[in-house]
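First the structure, in the form of structure tokens, and then the observations on it.
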Amino acid sequence: MDIATGSPLDGPDRDTAGEALQGALVDLVDLSLTGKQAHWNLYGPRFRSVHLHLDEVVATARDFADQVAERAAAIGVSPDGRAATVAAGSLPEAPSGWQADTAVVEQLVGTLSTVVARMRERIAKTGEADPVTQDLLITVTAALEKHAWMFRAEHETRG
Amino acid sequence: MDIATGSPLDGPDRDTAGEALQGALVDLVDLSLTGKQAHWNLYGPRFRSVHLHLDEVVATARDFADQVAERAAAIGVSPDGRAATVAAGSLPEAPSGWQADTAVVEQLVGTLSTVVARMRERIAKTGEADPVTQDLLITVTAALEKHAWMFRAEHETRG
Amino acid sequence: MDIATGSPLDGPDRDTAGEALQGALVDLVDLSLTGKQAHWNLYGPRFRSVHLHLDEVVATARDFADQVAERAAAIGVSPDGRAATVAAGSLPEAPSGWQADTAVVEQLVGTLSTVVARMRERIAKTGEADPVTQDLLITVTAALEKHAWMFRAEHETRG
Amino acid sequence: MDIATGSPLDGPDRDTAGEALQGALVDLVDLSLTGKQAHWNLYGPRFRSVHLHLDEVVATARDFADQVAERAAAIGVSPDGRAATVAAGSLPEAPSGWQADTAVVEQLVGTLSTVVARMRERIAKTGEADPVTQDLLITVTAALEKHAWMFRAEHETRG
Amino acid sequence: MDIATGSPLDGPDRDTAGEALQGALVDLVDLSLTGKQAHWNLYGPRFRSVHLHLDEVVATARDFADQVAERAAAIGVSPDGRAATVAAGSLPEAPSGWQADTAVVEQLVGTLSTVVARMRERIAKTGEADPVTQDLLITVTAALEKHAWMFRAEHETRG
Amino acid sequence: MDIATGSPLDGPDRDTAGEALQGALVDLVDLSLTGKQAHWNLYGPRFRSVHLHLDEVVATARDFADQVAERAAAIGVSPDGRAATVAAGSLPEAPSGWQADTAVVEQLVGTLSTVVARMRERIAKTGEADPVTQDLLITVTAALEKHAWMFRAEHETRG
Amino acid sequence: MDIATGSPLDGPDRDTAGEALQGALVDLVDLSLTGKQAHWNLYGPRFRSVHLHLDEVVATARDFADQVAERAAAIGVSPDGRAATVAAGSLPEAPSGWQADTAVVEQLVGTLSTVVARMRERIAKTGEADPVTQDLLITVTAALEKHAWMFRAEHETRG
Amino acid sequence: MDIATGSPLDGPDRDTAGEALQGALVDLVDLSLTGKQAHWNLYGPRFRSVHLHLDEVVATARDFADQVAERAAAIGVSPDGRAATVAAGSLPEAPSGWQADTAVVEQLVGTLSTVVARMRERIAKTGEADPVTQDLLITVTAALEKHAWMFRAEHETRG
Amino acid sequence: MDIATGSPLDGPDRDTAGEALQGALVDLVDLSLTGKQAHWNLYGPRFRSVHLHLDEVVATARDFADQVAERAAAIGVSPDGRAATVAAGSLPEAPSGWQADTAVVEQLVGTLSTVVARMRERIAKTGEADPVTQDLLITVTAALEKHAWMFRAEHETRG
Amino acid sequence: MDIATGSPLDGPDRDTAGEALQGALVDLVDLSLTGKQAHWNLYGPRFRSVHLHLDEVVATARDFADQVAERAAAIGVSPDGRAATVAAGSLPEAPSGWQADTAVVEQLVGTLSTVVARMRERIAKTGEADPVTQDLLITVTAALEKHAWMFRAEHETRG
Amino acid sequence: MDIATGSPLDGPDRDTAGEALQGALVDLVDLSLTGKQAHWNLYGPRFRSVHLHLDEVVATARDFADQVAERAAAIGVSPDGRAATVAAGSLPEAPSGWQADTAVVEQLVGTLSTVVARMRERIAKTGEADPVTQDLLITVTAALEKHAWMFRAEHETRG
Amino acid sequence: MDIATGSPLDGPDRDTAGEALQGALVDLVDLSLTGKQAHWNLYGPRFRSVHLHLDEVVATARDFADQVAERAAAIGVSPDGRAATVAAGSLPEAPSGWQADTAVVEQLVGTLSTVVARMRERIAKTGEADPVTQDLLITVTAALEKHAWMFRAEHETRG
């Protein structure tokens, strides 16, 4: 593939960074779809507060999905964020139908925890292969961990 | 499901409008994923111009997906925009890997044409059941047909 | 009255559209006053969240009241949004004194449901008389039904 | 009523300040409705100029109504800005139907003069009871007197 | 013409919608030129007020001319907004030379009334052929009728 | 005509400046209509890029047409920008129907070249009669020559 | 100290106003630190709502601390807002560690009530010494009492 | 003079407030001219810093001159801010020609001190006559005293 | 005077340009004071429209006074815009007390005509001495002539 | 403590990162208080320039204090930014009373140098424990070192 | 060279204007680099004030370099702003290493004086060849002379 | 050199980081000049699209040049971005005269590739010496690699 020629990375480094970025892309696109699904199907006394918070998670996920995919392209790796690819990914599927606010908060705590754990593995793997990619993944992780804390805090009922 | 109680629509009218909205939702989410996929995998002399245009299509698709899903919720129908649901929908899947600009423009002409045709069927079906839903679908269609014209115009090489 | 001369509508069509618009105007002004009353008298654990949401309802009601009244003037019908006219209208009066958040949410579910039902009757009546007026009422209804869904969702405690 | 507990004012001071604020609230809400009524029903050679000026009066009245009502709540007095309460207030009712620009200007001169006179009484009464409330009423009065001057200036035809 | 291939409308429906849009385009471009002509040649005590109002009419006309022309293109009909085509259209020509403010207001009342009447015929004709086109024409008409009311109100000297 | 009394220019100087400004006005209005015509009827691989550039030409032409016409009024000369006057002007008429991007770029190179040549004649003629008018025409010419360069640059295929 | 020369106040008036301002400064800085502490250590179902509200309290406290300190400087009194000075002040210390939302709301009700009571004493003391200082303290108090009402309203569970 | 009819103040109260406002107006207009004079004629190592600060003083003076004059008009007193009236006022005249930065800072310390002293007399005189006017003068004084402090601080070379 | 060393102009050219700029400065400062005087003392049916227009004249005069004075400084000539200097200038003094709108419009027609005539003399004188100064004076004149036209147009009652 | 459950870090890594963040928090809060203290008590010829610069240091310190505290919460460590905790920290206390500009600049050079040195130790310690925390501390350090350079540059009198 | 065909200027006029523009371009690019160099290497008590002023000079130089280069292209002359071309130009080279504030101010006085003198020669030369180019150079000169005055004013220590 | 005293880095670490920053500075300034040169001398069918893209590259290069130079100053190393220093740097010189769009795109692919390769070497070298400097270089590299990908994608004609 010619577009990869001139990429700043070659061989195994590019494979390592590309794999991490592709995995992050699928997670982030799925997170944006899951967040919207909950945003629309939510009910309960905390509806408005959680409804608004979910849109911030979606904005974070979409923004980083774009950065991650363009980073993949920048190193000569074709990113894949198509519906079927995302559906075949491993985030637990969101439940169908209306969801109570307490259930949504609990679900987000779990989902964000899963994504964060994977991101940390990717950070560990890309440090040597490509510090630029690693730096982006660190930024993504910091933002997701902040959302994760907020949902955990919202989920707690005792200190 | 209690949240549907108090919906402004009941029985068959709600079913009709709900079905149209759910179909529109899946099309629009898929269009947003397809548009991003092309946005990232594009190459060729018109790269920048098409790259920017695709992001406007994605913005249109995301904005209307949100309006359509919230309209479904507003009439008491739970919207479903999860990855698996979207992947099971009927838009032809975008090709994997890098894509030349001419191929992307041609693909968008086809995809937008397909979505527009379905939207027009939904407009025809919802007029009696719910004019509010119909009005939203008309607005969606107007925007998609404008994008479709622009890609057709970009695709033409003779008058 | 001369200002009506040159109106795009005459006779029964103008009466039909004018009546629908005057009714909508009274409902919308009353909704803005009711919303503010609750905004100020609210208390309970969801104070801040509901307090802010009510101001969005008020903004919607004020904006559309202005559009509806100016539409009436545009077809040569003098709009009446004075306090006494609004007070004589039929929205159930808001309770006096402080109100718990749960009560406010329930009240809004009811009030919005009432207004929406009337708006839908007006949509049905104005389609032939004046499609321009009908189009405005459809837009008003879509916005109110979205608020109504959100208050229903906030009101629900089980799916 | 528990929400009043912890109020910075007690007993007669709170009664005095609360009464002044409730009176101001009714005047300001009525002024906003009267202003809009004239905004919509106006005609004559100065239509556009007066139409725009009235909207500034309405914006002033709405903004201060909100501040006054929230000040009442802040001292533990439940504000009442419902349609019936406003309609039962004492501002002379705006005439029904279309109104010539000269008549509207004259009406506003009178209405603003009435409201200003009442506000000055409230300023005189609240100085000892609550300087914070008095300060807000002074600000309200300054803004209304500026509008009153402008309508008087617009009304004059000889020096 | 190849660019029309893939248009969402075919045959008589496209002809009907296209004719309505082309007629609307000529009216709107002419209205924008007429409005500017009066904006520049105006004199009299209401100079500033009418001068500013005319620029809002021009902005409305230019914005909708663009939307109408692009809608024509979107359904595969080539729009024609050239000077000669507009000059050959049927709006009564604006007078040459300086114009008193009273005359300009009267002229605008007449011109807007003419355009609105034609727009309403176009709304009636396009409902079946293309609801998307009809929806745009309804929006155009609502905006023009609002301007028409304002000029009528400005023109009136007795109630 | 009384409005001309008090003009800063009299007799032949006013005639010279007025003639130059009226000529410039017709050219600029026609350029704005020609630019929009191409904006709507364009097709080809550079559709989006040229479509956007044409709107910048239209914005330039509209802005300066307004400045030129108001300058004419400021020196006591009634400007004429009506459709028939513009249609009778001398810019070559834009072709009807769809236009390929290469043809549009070539047409703009020609049209801008024609307008620039006329503007330079007007600059030469007005220097003594009115330096204020000349300064405005210099500004107009600088902007048009910049657009002309850009279309020439876009038109070139070899250095 | 020379910078005090030329101060608009001298002797006892300056001492009185300076003492009130220094006291207000310490309270406001401490309130800003306390508000941030709760902002970070909060948990419970109302996490997001209270988290956001606390930041508005902090913004209010910081803004007024600056105004109060600069007012002290303007009358020739050196303000002291250092950590040790603030720590030695009298606001009850915020608890260490995580805090439940209900506890935070209750704590803020108490803290704001304490600060408001002190501010009202300062208002009473400064009226004669310096009306400019008093006016600033009235403004501060109005803002704090509004926050206090909101936390009381959020704290109430029965009317 | 008829425009004074309907003024909220009569007789001696209006005279007292009017005199204070007229005096404040002259001081503020003169301060704005003096500030600009120094802004233009300044030189020395602190040129840029003082040049920018002077423009903030001018902005303050212009803004409050407008508020003060409109307050006078609002109570039925014709304000006089003409050049001859200002020149006849009592601020010491700024020196002609270029001025060193140290001299400008010293001059501003003096001028602001003079204006502040007069404003404080006006505050003392208007409290009974018109609290609204007094409130405006307090606000003016607070802003001028802040500028005075800054110039004193800039002027000091030892603590 | 050392600051003039390094000025781009020397000897008679600097004197010529400096004299023109100083004259323009006095005219512009006086125009800004005259405009504000009328802005505050205006009455009559066109109050709001003329009141707003006068503020645009004042903004123009202030902006250009600053540019003109800084241009003088830039060529090493100390500008003088003090109250006494302006009062001694030659613009006819504005009348004292309230002014009817018709009188204000007429006054502005005269004042602007006077200033424009002087500016044109300055343009003629500075062309050789300093084209940069001349260019600024041309820009000032263009703006003043536009305002002059608008007031003439507002003043006319017959074409 | 339950809120820590689900933290992305456990055991010693969390302790290491938490300790670094808590130390950084105390330094940053103290820096913000110290910066404000100098901002208010400053005098001397560079007053305005240093006064403005100090507010930028305060803005930097406040922004990063918030990010650092929320990062601590995100990894399950309760941050402590209370007045007493900050007062017990180790930054040398700012002097009381007025401060000359030269002294303030020297003080800031020292304070920033101290904080930067500590931050660099924290960067060294957290690299293995948590790269996300380290990345934040690097960003903080970069900003502080930029301020430190500027104060050093301002402090120097010979190269 | 084909792109020059269609240029509004030919032969000697184009050579004259092109030479002036190319010279101006090199001066302006060099001024932007020199300004940045001083911006980074500055030290001394006026660090912040001069540091900020230099960035305004750089912004002016960059903006006009772009306008000047595009003007050259617009008349068919290829502009050359490459590093080697600029380095070979005649502005005295900025010194290497850190620079004291007094030295920087003195250097800027000299550099701006040199550039202004060259620009005035270019103005004199281009008047006949191309008034549009001359007008741009006049605007550039006006801006540079304003900066030159400010640095002279900052440089002076006695009047 | 005194300004370096107090720098957070000493000896070899400072030399290493300083050398990397100085190299990056020269590359970035040169890239900004090269980008502008192409921006002005471009021609061909993709003129507008490439013309706009180049300005984004220039904006990126200028922004990072400033950050890199200020980082050097922050660690006590004098940055050198003068024209001669840049001209002596090693980026291949841009060709003189007009350039076809295909050539420009190819040139940018090469230039960006060169700069990226050098930046990666600098990242590798600075990790131990100064992680703060390294972090900035990583950010610079990420942005440049994104531009490099886009030019490669634009350059490709087959997948």
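Worth a mention:
The letters A, B, C, D, E, F, G, H, I, J, K and L name the chains in turn, as written, and every chain counts its residues from 1.
We take it that a residue touches a chain if its C-beta (ideal position, glycine included) is under 8 Å from a C-beta of that chain, and two chains touch if they have at least 3 such contacts.
None of the values given here were measured: they were computed from a predicted structure.
Hopping across touching chains, the smallest step count from chain C to chain I is 2. In terms of the distance between Cα centroids, chain C is separated most widely from K. Distances between chain centres, each the mean of the C-alpha atoms, put A farthest from chain I.
If you average the Cα atoms of chain B and of chain F, the two centres end up 41 Å apart. Chain A and chain D have centres, each the mean of its CA atoms, that are 52 Å apart. Our note on geometry: chain C versus chain F, Cα centroid distance of 49 Å, whole angstroms.
Contact of a single residue of chain L with at least two other chains is seen at positions 1, 3, 43, 46, 49, 70, 73, 97-98, 135, 152-153, 156, 158-159.
Those chain pairs judged to touch are A-B, A-C, A-G, A-J, A-L, B-C, B-E, B-F, B-L, C-D, C-E, C-G, D-E, D-G, D-H, D-I, E-F, E-I, F-I, F-K, F-L, G-H, G-J, H-I, H-J, H-K, I-K, J-K, J-L, K-L. Of all residues in chain I, those touching chain H in their complex are 1, 3, 29-30, 33-34, 36-37, 40-41, 43, 62, 65-66, 69-70, 72-73, 78-84, 86-89, 93-94, 96-98.
Here chain C touches chain B in the complex through residues 109, 113, 116-117, 120, 123, 127, 134-135, 138-139, 141-142, 145-146, 148-149, 152-153, 156, 158-159, going by the rule given at the top. Residues 1-3, 5-6, 8, 70-71, 73-76, 131-132, 135-136 of chain D are the ones that touch chain G when the two sit in their complex. Listing the residues of chain E that touch chain D in their complex gives 46, 49-50, 52-53, 102, 150, 152-154, 156-159. The part of chain H that touches chain K in the complex is made up of residues 42-49, 51, 97-100.
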